[in-house]
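A, B, C, D and E label the chains in the order they appear, each numbered from 1.
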Amino acid sequence: MALSTGTHAGALLAAAVLLPFVGMLLGVLLGGRQVQRVALACMPLGLALALGITVAWLREGQTLVYLLGGWAPPLGIALRADGLAVAMLLAVAAVVCGIGMYARADFATPPDVRESRAAFSYWLLLMAVWGALNLVFVSGDLFTLYVALELLTFAGVPLVCLAGSGETLRAALRYMLFALCGSVLYLLGAVLLYGGYGTLDIPLLAGAVQPGAIARTALALMTAGLLAKTALFPLHIWLPPAHGGAPAAASAVLSALVIKGSWFLVLRLWLDVMPGVVTWASAQLLAGLGATAIVVGSVVALRQERLKLLVAYSTVAQIGYLFLMFPLAFDATGNVLVHGAASTGGLLQAVSHATAKAAMFMAAGLVYAALGHDRIADLAGIARALPVTVLAFVLAGIALMGVVPSGAYLAKKLLLDAADGSGQWWWTIVLQGGAAFTAAYVVLVLGSALRRRSAALMQVKRVSRLAEFAALLLAVGSLALALAALGPLPGHLVSNPLAPKELAMTLLVLVGGALLALGLSRAPLLAAPRPAAAAPAGRLRQAALALGIACEQADRLVRRWSFASIGLLTLAALFGALLLVGRAT
Amino acid sequence: MNVETLFALCACALVGIGLYGLIVQPHPLRKLVAFNIMGSGVFVLFGALAKRGAAAGMAADPVPQALLITAIVVAFAATAVTVAVLLRLIESTATASLANEPPSGE
Amino acid sequence: MSVVLDVFSIVAIVAGLVFFLAGTVGLLRFPDAYTRLHALTKADNLGVALLVTGLLPQMDGLLAALKLLLVWLLLMLSSAAVSQLIAHSARRRECGE
Amino acid sequence: MTTLLSLVVALLLLWLALWTVVARDAFVAVAGFVVYGLLLSLVWVRLAGIDVALTEAAIGGGLTGALLLGAVGRLRGTEAAAAAERSGAGTRAFAALLSLGVTMVLALCVLALPEPAPTLAPQAADNLPATGVGNPITGVLLAFRALDTLLEAIVLVIALLAVWSLAPDRFWGGRPGPRYAADPDGVLSYLARVLPPIGIVVGLYLFWAGADHPGGKFQSATILAAMWLLVQMAGLGDAPRIDGRWLRTGIVVGPLAFVAVGLLGAWQAGAFLGFADGWAKPMIVVIELALLPTLVLVLALLLNGAPARNSGKMPAGDGGR
Amino acid sequence: MSEFLLSAAAFVVLMVAVGLVRVARGPSRAERMMAAQLLGSGAIGALLLFGAASGERAMFDVALTLALLSAFASIAFVKFALRQDEKVADDDATEGRR
C-alpha cells in the first residue's frame, strides 16, 4: 500500500466532496423541518472548506493531491485541485450560500405539515448538485467524472420540474434524455481511452495520449456529449423551457451551477487530458458555436415577453461566451492548448457568470413573486416598489456586460489580449459585440422597470428582504470579483479603468446595447414613440425585426428533437474531422 | 477472429443501432429503450477491452469489469428516473410528446 | 465407470436438446396460443430437466449439483405458474371478444 | 465450437437490438429488450466477466425489464400520438447514415487498439493480498476504487429522491404505486410464497460468495429487491410509506456507514477509505453488510416509483385488480 | 466431453434464436411472452452446459440469478402488460392482420 497520500491539505478535497453528500444523507434520515436546517448548516461549513482549500493552494503553490485509500493511480483514484478547480470550488460554494439565503423564503416547510415535498426535495437536491460539482472539479479520474456527471443530471432534472406543471415535466424529460445521450457518448470516449492507454487518470493519460485514431475519436465523442449536457447552441434543446419554467431558486442552481459542471469537463479534457490532440481548426469550431450561441441566444432573449425566459435565453448566449477562450488558448507554434491568459480569462468568465446569473434569476423570481407575473411589458413601477431587486438585476447585468470594474471585465481584457497576441482579430469583434448584446437586455428590462406607472402597483406578495439581499450580494460579488482576482493576476490589466478610452468603450457598449434593444424587442421599447424619431428608424427597425424572427425560427427548428440529436452526431463527426485534418496555421 | 474482437465489433454496431433509435423514435419510452441498447453497446465494448487485458493469471482485467458493474447500476438508476418523469408527464398531460412548446404569444 | 457416466450424460443431454427443438418448432408451427404454450412448457420443463439430469454425473461437488437442481426447480416453478397465468389471460381475452 | 457459439450470440444480439429499435409497438420493443438483456448475460460469460454477467442478469434483464414493462402498461394511448410525430424518410436516412458512420469509426478504433493490450490486471494481482479478499473485482470495488462504489450508492439515493420528488404534493409521505389485491387465481400468491425463500437463500449465498468468488452485494441486493417486489405484486404485502423512519434509516445506512469506515481509515491508516494492515477484510465486510439493506430498499423503491396514494386508502379506479 | 457440451450449448442457443421469430410475429402479447420465456430457458440451459464445459462453477450462479430474475420479469409481464391486452385487444387484432 502506498504510504504517501498526496499533499498535506489534500484531505480537505475529500471533505469538500463529502460534506454536501453527508448533509444530504442526514437530511433524508432526519426528514421534515430538519432538512433545511441541515442544508443551511452545511453551507457555511462548505464555504469554510473552500476557503481553506484556497489558502492551502496559495500556500503550497502547487496542485493539491489526495490519494483515496492511499492507492496511487492508475489502480486507485486521486483527487486533485489545481487553480481552475480551486477557483470553481470557491465560486460554487459562494453561490450555493447565496442561493441558500434566497431559497429560505421560497422553500420553507409550511407550518401545518411535518414535511413537504418541495422543501424536502429542493434542499436535498441542492446538496446533491453541490457535492456533484465539487467532485467534478477535484476528481482526477475520467470514470469518477462520469459518475459525477450522472449525479449532476439526476439532481438537476427533478429541480427542473419541481413545480410539477406539464410544461416543466416535458422540459425535464427532454433534458434527461438528451443528457443521457451526452453521458453515454462521454463514457464511450472514456472506454476508448482506457482501451488505448490502460488508465483513466488525467495526468497519466495526458502523458500517454498520442494524436491517433483512438484519441481523436474519444475527444470528438466526449466533447459532443459534454456540449449536449452544457446546452451549447445548437444543442440547447432543453435549456430555455427548463430554466424558464423552474422555480427561481431552482433556475438559479441550474443556470449558474449545473451547466458549469459539463463545461468544466470540456475544459479539463481539452486543456489537461488531450491538449496535444486538439487542433487549431477544432478550437475555432468550438468558439464558432459559441459565437453563434451569443447572437442567436441574445436576439431570441430580446424577443421574449417574460422576464424569466429572457434570462434563460441570455444563459444560452452566456454559455457561448464560455467557449470563446478555446482558440485563444491555442499555442500555434506547439500545436497545443496551453494554460495561460486565455484560460484564466475563461475561468473568470465562468465564475462571474455563475454569480451574476444566479443573482439575475433570483431578481426575476422576486419580481414574479411580487407581481404574480413576469411580463416584461408590465414591469412599470417595479423599480420603485422593489428597488433592491431591480438594483441587483442591473448590477448583475453590468457584471455580465464586462464593463469597467467587474470580474467579467477582467476576463474580457484577458481574452482580448490573448486574441491580439495570437492575431485572431475576429474573436475581438465577437467579444465586444457580445457585451453590447448583454447590455441590450439589461437596458430593455430597465427601460420597462423604470417607467412610471399611472395606477399604484399591486403587489401580490411581500418579498423577503433576505432574498433581495442575497440577490444583491451575489451581484455585488460578481462586480467585486475584479478586486479578488487582482491578487494572482498581473496588475497591468486594470491599470486605468477610468481612462477616457475605457469609458468610451463602456459608453459604446451601452449605446450599442440600447440600439439593439430598440431594434429587436418585440414590443416597441418606448411607450409612445415620437413619430419624428420613428420615421428614419423605421426601415432599420423592419430589418431588425426580420432578423429577430429569423433567429426565433432558427431556434425553434434547432430545438426539435430530431434536429438536435442529428446535430449532436454531426458535431461529433465535425470535431473528429477537424481533429484529423486541422493541423494548419 | 477471437471472441473479444468479435464482441467489440458487435458493440460498435450496437452503439450505432441505439443512436439511430434515439434519433428517429418519437416516443420517449422508445428513446429510453434505445438509450439502454446504446449503453449496453458501450458496456460490451468495455467488457471486450477487459478480456483483451487478461494477464497475471486473470481471465480479464478486473478494473474495467468493476467499473462496468457501477456503470450498469448507474444506467438502471437513469432508466428509473426517466420512467418516473415520463409516467408523471403522461399522468398530468395525457401526452408523451417531446415536441416544442407552442410559441409564446399564440 | 466414467465412460458409462459420460454415455449417460450424452444421451440425456441429446434428449434434452430434442425437447428444445420440439418446443421451438411447436412454438412456430402450432396454430393457437394454447397449443404453443403446450409446446413451450415441454422445452422449458423437460428440456432443462434432461439437461440437468445429464450434467449431474459430471459434477464434482455437492454444492454444484445442488445448484443445478435448484435451477431446475426454479424453472419448473416459474414456468408452470407463468404458463398458467398466460393461459388464463389468453382465455379471458377470448371470452372478452 | 466456442467461436460458433459466440458468433450465434453476437448475431442474435444485433438482430434483437435492431428489431427492438425499429419495432412499431412499444410493448414489442420492450419484450425484445427483456430478451436482449437475457442474451447479454451470455455475452458477459463469453467475455470472462462472471461478476458482470451476474449484475446484467439481475439488473439488465430483471429489474430494467420489469421497470420498462410497468411503464408500457401505463402509456395510455400516447403511442398513437407519438406515431404521428414520426420523422420523415429523409431524416431517418440521414440518421441511419450518421449512426453507421459512428459504428464504422468505432470499429476502426477497435482495430487500431494497441497490441499487447494495456491492462491493470498485474497491478491488481500484486495489490490484492493487501485487501484480504480473493475476488479481484471486489478488491477493485471496495479498496482500490472504493470512492466509485460509495458514489454509486449515493447515485442510487439521489435517483430515489428524484423519483420521489415527482409525486403530487397531496401524496407526499404516502405509498407508491397501486395496492395490488391478492391474486384470485392463487397461482401468483403461491409463487410469491414459494419463490422468495429460495430467492433469499440464493441472494445471501451470492453475498457471502462475493468476497472470494463472483458475486457480491449488488447482485444479492437485486435478487432480494426482486423478491420483495414479487410479494408486493402478488398482493401479499404493500409498498412502504416513504416517510417511515425505518425506511429512511435503511436508505442512508449504507453510504453513511461507508463514510464512517472511510473516516476510520483516515484515522487509522492515514487515508480516507484506506484500511490499516489486517483490517481490510473485516472493514470490507462491514461496508458490504451496511450497503445491502440500502441497495435492496433503493432498488425496490426505484421500481415502485413516486408516491401515488395516501396510506391505506385505494385511489379511485386504480386499485389492483 | 467439454467439446460436446459446448456444441450442445450452441445448439440450444440456435434453437431458441429460431423461436424468437415468435416474439416478432406475435400476434398477441401472450405469444411474445412465451417466446421470451423460451429464450430464458434456453439461456439458462446454455449457461449450465457452458459452466459444466468450462469448469467455471460460478456460471451456475449466473444461471440461478437468471432463473430467479426471469421469473420475476415474467410476472411483471403478466401483471403489467398482459392485463393491458384486454384493453388494447383491438390494437392487437389489427397487428395480427399485418
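Here, a residue touches a chain if its C-beta (ideal position, glycine included) is under 8 Å from a C-beta of that chain, and two chains touch if they have at least 3 such contacts.
Just so we're clear, the structure is a prediction, and the values are computed from it rather than from any experiment.
Counting steps between touching chains, the shortest path from subunit A to subunit E takes 2. Minimum number of contact steps separating subunit B from subunit D: 1.
Chains touching both subunit B and subunit C: D.
When each chain is reduced to the mean of its CA atoms, the one lying nearest the mean of all protein CA atoms is B.
When each chain is reduced to the average of its Cα atoms, A sits farthest from subunit C.
Here the two chains linked by the largest count of contacting C-beta pairs are B-D.
Per-chain Cα centroids separate subunit C from subunit E by 11 Å.
Inter-chain spacing, taken between the CA centroids of subunit D and subunit E, is 20 Å. In this assembly, the C-alpha centroid of subunit A lies 58 Å from the C-alpha centroid of subunit C.
Among the residues of subunit A, those touching two or more other chains are numbered 75, 143, 147, 150, 154, 157-158, 161, 164, 188, 194-195, 198, 562, 565-566, 569.
In subunit C, the residues that touch at least two other chains are 70, 74, 77-78, 81, 85. Each of the following residues of subunit E touches two or more other chains: 33, 35, 61, 64, 68, 70-71, 75, 77-78, 83. Pairwise, the chains that make contact are A-B, A-D, B-D, C-D, C-E, D-E. By the touch rule above, subunit D contacts subunit E in their complex via residues 1-2, 4-5, 8-9, 12, 15-16, 19, 24-25, 27-28, 30-32, 34-35, 38-39, 41-42, 45, 50, 53-54, 57-58, 61-63, 65-66, 69-70, 72-74, 180, 188, 191, 195, 198-199, 202, 205-206, 209, 213-215, 219, 222-223, 226-227, 229-230, 233, 321.
Residues 185, 187-188, 190-191, 194-195, 198, 202 of subunit D touch subunit C in their complex.
For subunit A in complex with subunit D, the residues that touch the partner chain are 1, 3, 5, 11, 14, 18, 21-22, 24-26, 28-29, 31, 66-71, 74-77, 114-118, 120-121, 124-125, 128, 131, 135, 143-144, 147-148, 150-151, 154-155, 157-158, 161-162, 164, 188, 192, 194-199, 212-214, 217, 562, 565-566, 569-570, 572-573, 576. Note for the complex: subunit B touches subunit A at residues 15, 18-19, 22-24, 26, 28, 31-32, 35, 38-39, 42, 45-46, 49, 52-53, 63-64, 67, 70-71, 74, 77-78, 81-82, 85-86, 88-89, 92-93, 97-101, 103-105.
Of all residues in subunit C, only 70, 73-74, 77-78, 81, 84-85, 88 touch subunit D in the complex they form.
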